[in-house]
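Let me begin by presenting the structure, written as structure tokens, before commenting on it.
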């Protein structure tokens, strides 16, 4: 298949959609990103890379980082992690306290904010302090993306913290149920820092390759997760990767994927390839509007789907 | 792969689990089914069938029938169906009125009771009365299972109706929101009748084959859904097929599947095969305890998974 | 105190408010009532009656009838009634299924729809059938209002039933929890019939006199409730009498009272008098807009209040 | 009426009940209070005081302090206070985040924790810092109780803060909705300090006298609230004073009252007297078990009630 032509076609078809949706504006650092931008990259098992648009432009990966921290925590804690966070779709907006309260402080899954906070907290408990935790997360992302330059934007993290009351509320609520172990402020700050990692679609697509191939990077041969863990991370991406539009996404796109409010979406086609797409304007569910459509076009045109 | 040996191994491994779980007892007709029974059937593209256990024994397919009515309704109404029922996991127990009330009478997906009632209601609107609707559903199931003998158990349907207040409550609530079009009592009765269809695992596995192969039965060549519809039905089975344990099921088994309180579960391995399993004792989520474990063993041993 | 002058003053002050609010329009029989009408009647212990406005004009008492059926049921069942219905404010809109589901089919109080349905159901169980029940309710209202002509409007009851799906949904839900004993359709119809009783403010004010005087009618000497029951009915009116604006009403008016969507409100000043007011346009909580303001004016001007 | 004999009778009748219920144990300082203690004091308009039991023994007034901060804030802000906190019963457990989230960070009433936190926050905004706020609250309580020795227990406040995650969660959630103005940690600490005020039933009964007499202390002649404000504070005590058992309390006791987890309850009989009762063991709703029963006995035996 001529992936370059395919991406070019998608790029052209998607242009009118770039005007639609709305860039995240809850913090200034995200609000100032120009709306009409788009990038998409596909990485194959043999390392071939196909890109279109601004695939070199870095953006805030935000919730996509939750895939990486979940992978790390699953690797460290294995099944015991599930005592602290579930794997069930939430059926509610992504930062809801309601469900957390009804379910005694155990978040539904690692991709809603509460679940990602508890995941980060589990890493801080393991690594002993927030500095080692952040360094480990950064090094992990550098390893899977085969790029030692990856880092985060401290301005974005600081800005998040200034508007971080809802996440602080979630953390205190979980602590009141005994499901938060470390200092709340520094742990939440660590969470905001890994959400503030900046990458482009080429780096993100490369970083997801191991999850498309059973946990092992087919290029470097490094093992980042067991086949069973990789399968399960893909399953959680499919059922929970797009907040309360996860069902819609599975229905229309049919790939395990995870979105972030920075406008990025990463996806895997297990056994075949990994994909990253970026366009900063979001639909009403908080997922990239053009990015979602581009992935739907990709699966329609190629027929690739897990179903 | 030697599927027969594999099924035999699963059969042996699953024996100790047959004592666990609890047979559905909300109606007498289901409560009297002996607990320690098990059957599993795999059907391949070429028509090869592998079975183990009581694969000839018929049981009440219950919610599995929702896959068939959803397929029919999607075929008739296409995208306009989504105005009446969504495709999002509910995150709540399967017959919850809470979410239905908050979301103005639009059920989250076609596999929770409210969604299946509205799907049946849409069929009654299309076919004009409940008799033609039931006949159409029965004929559809006969066609996809290539077995003209398939029918339902009127005693089970009658018994369901006698304990049907919660479903009647759901239907009246949807009607109060303008999302129910036909006579409530006869439509709910039609729903109970198609839930009371009795089949064995060989018939059910055969009936699901078209969904594993893009909507077309690879043996008869008949087209029951478009490739896009088949993909979407599989997606909804994956995200919503097991009530509020759908995430767990995707996580552990990794296949599109649908369970029923009669103890049956059907699953597809897209492009490869269809599977049916039956064991009447249910886990706390209302899904077959041994059936779920048998499917998890199957995907672990074969490595088949969509992820 | 010169009550007639006081009522005349209120009548004049309230005129500009009669244009505000909105007449109930969920059934045609209520929707066609002209908006700008107002009546108010005060009845004293010695039988003196003071009225202003259209105090002879009959209107649909609707939920005010719940005070009368609750009085009857409390008299028949005493404390055992509380096993089927509570006395706690609901904190939710008046016909919410959510709370009913979370609380296993036991309605919060007898003045929300679910609670009134269960109260009517308890009367049908006691009197054996719906005809005797309706006759008993009518005779009770005739006795307390000392007016044998009181009856209901069958057109209104029929119209309610045609739009009664939400109440039918509530009744079926309670039945699924074992908290509904009689035939749903005929019991709900009986409920709609007693809600369709028509009275004017003079009759209603007279009917409430016994509740202002410890359960005994100070004019006829007849005992309709024990002092303890009268006190408790007043308490429930105060905490639950105005749906989810009961706190606001207690805060601003400070009297036990019950409103109906027909625009009527009845109130007691324990030990002193009973009051009825009517103006058909409702505020956003479903309580008479001008009626609420008139009662607030009355308590401000007279200084009467229970607090 | 011979109040002393009456209190003696209640004291004797209540003895067997002192073994029932459970002392609050969420912080050590409260958990160590011996269970079988009881005190009750009645204060009349002329200053006559009747007491029984350990009426000199100080206890932690906890949520009773919310009446005092609400009175202060209502006096300072008048109606504009209602933009930040409602006057409606919550119908939910007293520290629920669910309702707060659904209702955009506006607490239902000033007596649930969220509402009391926002009330304290409004005082901090007015007085400029937490020290002046605490001093003002203490001086107010000293004035209304005519006792300049009243203070708080810093150990209890510190212990509350160590277990204060749920309140911190509430405060952060309100801040995320823009309904919290000051530094969260120091404001919550100020809240815990005024909850940690220690008083005995004689002091508390005295402190409530102004609320029984239209806002003016009948002994000192000092005006602490307008008649309208006093009426409204009594109304909120009646509808919201006992968490989600407020309806039950109104139903059984029939007096405006406010309880605290330290086992105290204060009540007013408007125009007649103020009452304080204390017994540390709580019923399942978090209200003093013996204290509630003692007040029910008091209203039954005297016939006083607002209804």
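Chains here go by letter, A, B, C and D, matching the order in which they are written, and residues are numbered from 1 within each.
Just so it is clear, contacts are C-beta pairs under 8 Å (C-beta built on N, C-alpha and C of every residue); 3 or more make two chains touch, one makes a residue touch a chain.
These numbers were taken from a predicted model, which means no experiment stands behind them.
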item: Same vs different contact residues, chain C with chain D, by half of numbers used; value: same
item: Centre-of-Cα separation between chain D and chain B, whole angstrom; value: 55
item: Distance between chain centroids, defined by C-alpha means - chain A, chain B (Å); value: 32
item: Gap in Å, rounded to a whole number, between the CA centres of chain C and chain B; value: 47
item: Shared interface positions of chain D, touching two or more other chains; value: none
item: Complete list of chain pairs which touch one another; value: A-B, A-D, B-C, C-D
item: Interface residues, chain B side, partner chain A - complex; value: 86-92, 99, 108-109, 227-228, 230-232, 234-236, 238-240, 244-248, 250-252, 254, 256, 270, 300, 303, 305-307
item: Residue ranges of chain A touching chain D (in the complex, touch as defined); value: 96-98, 101-102, 165-166, 168-173, 175-176
